[in-house]
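Every chain is named by a letter (A, B, C and D) in the order it is written, and numbering of its residues begins at 1.
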Amino acid sequence: MGGKKVNKVVLAYSGGLDTSVILKWLQDTYDCEVVTFTADLGQGEELEPARKKAEAAGVKEIFIDDVREEFVRDYVFPMFRANALYEGVYLLGTSIARPLIAKKQIEIAIAVGADAVSHGATGKGNDQVRFELGYYGLKPDIKVISPWREWDLTSRSKLISYAEANGIAVPSHKRGEPPFSMDANLLHISYEGNALEDPWVEAREDMFTRSVSPEQAPDQATYLNIEFEQGDPVALDGVSLTGANLLAALNKVAGDNGIGRVDIVESRFVGMKSRGVYETPGGTVLMTARRAMESLTLDRGEMHLKDELSPRYAELVYNGFWFSPERQALQAAVDHTQAFVTGVVRVKLYKGNVIVVGRKSPYSLYDEKIASFEDDGGLYDQKDAAGFIKLQALRLRTLGVNRSSFKINEQRRRDLLTY
Amino acid sequence: MGGKKVNKVVLAYSGGLDTSVILKWLQDTYDCEVVTFTADLGQGEELEPARKKAEAAGVKEIFIDDVREEFVRDYVFPMFRANALYEGVYLLGTSIARPLIAKKQIEIAIAVGADAVSHGATGKGNDQVRFELGYYGLKPDIKVISPWREWDLTSRSKLISYAEANGIAVPSHKRGEPPFSMDANLLHISYEGNALEDPWVEAREDMFTRSVSPEQAPDQATYLNIEFEQGDPVALDGVSLTGANLLAALNKVAGDNGIGRVDIVESRFVGMKSRGVYETPGGTVLMTARRAMESLTLDRGEMHLKDELSPRYAELVYNGFWFSPERQALQAAVDHTQAFVTGVVRVKLYKGNVIVVGRKSPYSLYDEKIASFEDDGGLYDQKDAAGFIKLQALRLRTLGVNRSSFKINEQRRRDLLTY
Amino acid sequence: MGGKKVNKVVLAYSGGLDTSVILKWLQDTYDCEVVTFTADLGQGEELEPARKKAEAAGVKEIFIDDVREEFVRDYVFPMFRANALYEGVYLLGTSIARPLIAKKQIEIAIAVGADAVSHGATGKGNDQVRFELGYYGLKPDIKVISPWREWDLTSRSKLISYAEANGIAVPSHKRGEPPFSMDANLLHISYEGNALEDPWVEAREDMFTRSVSPEQAPDQATYLNIEFEQGDPVALDGVSLTGANLLAALNKVAGDNGIGRVDIVESRFVGMKSRGVYETPGGTVLMTARRAMESLTLDRGEMHLKDELSPRYAELVYNGFWFSPERQALQAAVDHTQAFVTGVVRVKLYKGNVIVVGRKSPYSLYDEKIASFEDDGGLYDQKDAAGFIKLQALRLRTLGVNRSSFKINEQRRRDLLTY
Amino acid sequence: MGGKKVNKVVLAYSGGLDTSVILKWLQDTYDCEVVTFTADLGQGEELEPARKKAEAAGVKEIFIDDVREEFVRDYVFPMFRANALYEGVYLLGTSIARPLIAKKQIEIAIAVGADAVSHGATGKGNDQVRFELGYYGLKPDIKVISPWREWDLTSRSKLISYAEANGIAVPSHKRGEPPFSMDANLLHISYEGNALEDPWVEAREDMFTRSVSPEQAPDQATYLNIEFEQGDPVALDGVSLTGANLLAALNKVAGDNGIGRVDIVESRFVGMKSRGVYETPGGTVLMTARRAMESLTLDRGEMHLKDELSPRYAELVYNGFWFSPERQALQAAVDHTQAFVTGVVRVKLYKGNVIVVGRKSPYSLYDEKIASFEDDGGLYDQKDAAGFIKLQALRLRTLGVNRSSFKINEQRRRDLLTY
């Protein structure tokens, strides 16, 4: 059971059944003091019950923090500046919350003199990695306790028996096998497991909690102006908002319009594929609107560089390497490009659609006169294009001369596939 | 006017006003024989009128080809296998047609002994580059005539005067300034210019021709099963179709459901930003469904590699480098990954939305038992995760020890922006 | 001790002290039959002693294979086609041999009906990963036994005691702590550990075995013509040679001229830094000459693409992902570029230096007349450069106009460093 | 001749024959005032003769600047921090000087109210692009005059005739065709053209000016300690030096030891291949030593990211995009990694070789105890490697099970090559 003696452990504690069992199990197994940390990440739950439960379990040091603004400002927005999408579709809603929780646990561990931290993530998922890479990176000598990998409560019925044997309340809806597991914060809510395990079967409508279905959304579109400053959204329809409040407002209007659901099969860092269904209403609007803002204000060179770096960045966040020097170096490159990503994007929200209908900026690189096919008064000399093309073509012409077999042969593909 | 004497020129000829003027202008200016090439790329226009007009203009060698299957098989599908999106949003509908037209013109030039080729693309756009890089790469000694960069018909009124003076019919709706220019093929239709030039102004509903608006789409969703073999779609709802027929059928059902419109500002290769509105109904469904097919059948390693290469591939296609060795090398890598991208994806089409609701494959890499949080009978030992994380963390722990200032400092960003 | 019962295990067996101890330990610990596999990879050792030792240890199925040609043709040359250098300096000499050994062991396991494989790599190095990823990828249900991670022979003295207690001959020079560990094959020899552990201390001259020091090399340079076909070397000074013979001959002439030593600190996949000294005489000449061949025959587009992919490819080989779909996809891209990498490179070898002094090819893309600053008879119109530059500059000019603060500020760097 | 009227032009003026002819030609052709700018970039020439010649030509505003420290600090060192090598071999010695000259010309143009700038680069090379992208990016409305692309002095004899007709002194050694053209600054000297045009012919020994041949170098090696701070060299053998002085000192000791010559065929941005021979003595030592410093102090993640970005960075510098936002974004990423690249590297210089023999750092990430194959007191648990490998292998095992044809087939390569 993990080697050296533990004196005090900081547990990421939600107050739910699982982490309540963990709390008790830590006390019993390690004979140590448990400090609880409960964060308001915008998951939409009351936190005071967690305090009461912790007190009831004999916890003396209880930390409950509202970290919503920090979460959005220092984690969500930097990630959005990179246009990060994992495997082309996942907005990384769960991934991005883990580093912040890990950081807070380590700060508390240092403050209270704890020598260990613990979390409730299972041994098959990505979250254990995200938590623990955070812990180790921020405090290399920390002891990490991962109950799901250590204990013998290897099924839900054993967990419930343990709870009952130790006087931990088990809500009736938790008694049976849950239809899916969920994780929520201000950016998204996820559903995984059980009822969703067959990737050929459509998710049930009654599972969703943050958005109506497109069918149930209003028949009238909602128009919205989103203002950006240096890459981050700062106002909706002219009203300035803090990051967390803005994201909350976006969630509301987007969810009401049936926006932000995805149903995907993804590749976990620990090696297997899994199926998840996510709701990210505000984030979905933000991703689309930010791209539109960048389309007007980013130079082609920096934009294309960003596009090439973005999948790598997303992979790092997904895999739990937020506190890594390579993620930070990529962030430096990304942030360098954002100084002029300032302006307004107008979107139309309608039954699941986010439609960009306008964008403007004091730093717009779009020039109607140059782009126009009509006369531009000499700003652009069409004859320059001849030289441009001639020199671009020179190497291809040289190839054409020297490689007699430089042919258009789509057949090679068949060969490639016979391996 | 372009140097050496021209004897015979192969013109990419649509039969419309612009290329009819070019035909006459080439005959007059170069005193040469003009050979016309008119392709059916699925643009949805009758081609026989082009033949009649060419005959009336004295053209002796008239080529009219239905290249729809070749277009889809050898250009559209290879590009989709790469998941190519330019600047995150544009499906490259115009870009991908140009190399095929260029190739056909060169083949004809060789067959009829022509020493020159010509096209009707303007001097400010991307298409001139795409045509001419194709010409030069495939036949390095070809003479290229680009009328829009050479002549003095620098405004629409001059063009119309020239037409009238030369007996070329000018349709009444072409007399005034057109509200926008269009380009169409089986993959998409584009709208650019004039009425669309202010990127803050929403496009007019009556402009669209291939899709109804989401609002006008049916209130009932349409479900569709798309079958893939080795990365390409081969059947819809169990009915096998050729590539062109499949794409046409997808266009119909997707357009009927309000799918496939985008309104973007893009960075042209020739250096300026422009605004375009595109309809790509079938392509939009195909992109989403293909990704879902890949999510089940591609290994993480090859998928993430593809994701990183994809923006580069898209840039090459956009910039006109289809017949370049680097595009071909990327294609070789991409195609290598597609051998097992075989199976079925089920999508729900509803008022602009393409929603993946199911996917299955004989080569599925998803394994419910391993992915499940429940007992998997020893396939995956959760204790392995401890070692996995420990070794992943080792370098971060070393950093934590050696870089006392390895801090979480989101403030650096502000410094970055003050340049 | 690793779970399920083992019946027969295929051991990668060198006949040396360590693998002899492993052989005995496997027999005793698992009470199973051991099959030995000994490969001639060009390490320069007699193999028959290994056979005798295996027989003496009671092994009934003994496999001894000369895999030198396969090693060079299917592993070394494909890797060189990618110009793979790990961390800019390491030619991957050890890394590239492991997948082949793993593949041979699996082939034998299938042939003899073994249910397990074993190797002698330690628990701190990269080789355990390279072996085992090969095993698992090629035969997912194989049982892997890694003695160094399992047994309690955790120091050299314990190992020697075990050997003596079990009648295994211990050569006198192996009794003390060895000054370094070595690994050799036709591509290279490596030295690590003990005497080399302080990275500030220069390696001893008497350690090297494949090259004289530059000081001891001849005072007269040796000139050598290397012929390439489709990216691979095929002849030296006009004499055609098989891959293995060619590499052996290159090793000789390069080693005689003091070429191919590097002394590096590298980042192991398992998370720590290590220091290694390598001799790769022939490989060093080959890398330089191949690049020169490519400089004449590869188009800029494909070459630059390769240059960007090459570090990733090297990382995959180093980390043991030879049999991964992403390495194979990269190989497909790389190999696509090599069809015309054919010709001759002339190098001068002198006291540690490999100096390219000439290169020629039937597919040379270099054209004296175009490259010359003198008149080229119209092949290249210098006036085209004006248009080329103007259009390249257009986006930068637009930036200059729109970003008043687009300044040349090298000071930002200081801000970046204060984290 | 270039359109609008020019009043005053700032010419990059060396005082040599070519730019003296240009000076006169500008005065005559444009009837404008010429301002000369002569920079001391460490090319090793007296600058006062340039002043005298400019005065003699009637120039009223003469700028002569020693920009060596700025050159090294703000151009050379940032580029070296990126480990930039073009096409794997070229240290970019000419490329990196052009942006600085362009910037200085623009600063002078603003200061003296000039409306144009001019340079002496030919119409076939890269330098015209590098100058002009700099000009346009820094002052979008500047008029650029490129005499070599405009005038009719299309051969050397015409140039000399023009010089003689206009009283410009023609040194006797400039009368005939020069054996090659040269460009020099503190980082390197280049030789191109004429005698070097056949890439099969070895360069003549008497051409070189900054290094002795390896054969002529001393028989005794020279050892040197190079100190780095945050990625830049700051001292040699314990003596602190400014950047320019340090690079000059490195040039001396490296050139004396026969170090820094390369003979390459490179791909010019304007589309053709060219052959160049370069001497970069100090830069070659610096590149090798810096890499060694990074090998000890950079984390694997950031180092490998840098390695992948480096070819792109080099391409941008080579192509003239120094003042581009994408180069700056890459610089931000690179510089972020350099905060701890501090320490000492010990190199041995011997007859053309730069051999790293030691490296140490207060921020060393190398830990002898962990790297050692011996007992490390629990810092690294070898059993963790089992879990690490198991999870790394999971996806490969899944592939092995699901892709029955996941075979090791090097034969595909042959198919690839038959296009």
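As a convention for this text, a contact is a pair of C-beta atoms (placed from the backbone, for glycine too) under 8 Å apart; a residue touches a chain by one contact, two chains touch by 3 or more.
Computed from a predicted structure; not experimentally measured.
**Student:** Please work out which of B-C and A-C is bridged by more C-beta pairs in contact, and write that pair.
**Tutor:** Looking at B-C and A-C side by side, B-C shows more C-beta contacts.
**Student:** Roughly how many whole angstrom separate the Cα centroids of chain A and chain B?
**Tutor:** 30
**Student:** Where the CA atoms of chain A average out and where those of chain C average out, how many Å apart are those spots?
**Tutor:** Taking the average C-alpha coordinate of chain A and of chain C, the gap between them is 38 Å.
**Student:** Among all residues of chain A, which ones touch two or more of the remaining chains?
**Tutor:** 267, 270-273, 299-301, 304, 312, 321, 324-325, 328, 332, 335-336, 339, 364-365, 367, 370, 380, 383, 385-386, 388, 391-396, 398-399, 405, 412, 416, 419
**Student:** With chains as vertices and touches as edges, which is it: line, ring, star, complete or other?
**Tutor:** The chain contacts form a complete graph, every chain touching every other.
**Student:** Which chain B residues qualify as touching chain D in the complex?
**Tutor:** 299-301, 328, 332, 336, 339-340, 363-365, 367, 370, 380-381, 383-388, 390-392, 394-395, 398-399, 402-403, 405, 412, 416, 419
**Student:** Under the touch definition given earlier, write down the residues of chain C that touch chain B in their complex.
**Tutor:** 267, 270-273, 299, 301-302, 304-306, 312, 321, 324-326, 328-330, 332-337, 391-395, 398, 405, 407, 409, 412, 415-416, 418-419
**Student:** Would you tell me which residues of chain D are touching chain C in their complex?
**Tutor:** 73-74, 78, 83, 87-89, 103, 122-125, 128-129, 132-133, 136-140, 146, 148-149, 154-156, 181, 193-194, 197-203, 214-215, 219, 221, 230, 261, 263-268, 270-275, 291-292, 295-296, 299-300, 303-304, 307-308, 310-312, 315, 320, 323-325, 331-332, 335-336, 338-339, 346, 348, 350-353, 355-360, 364-368, 370-375, 380, 382-383, 385-386, 388-389, 392-393, 396-401, 406, 408, 410, 412-413, 416-417, 419
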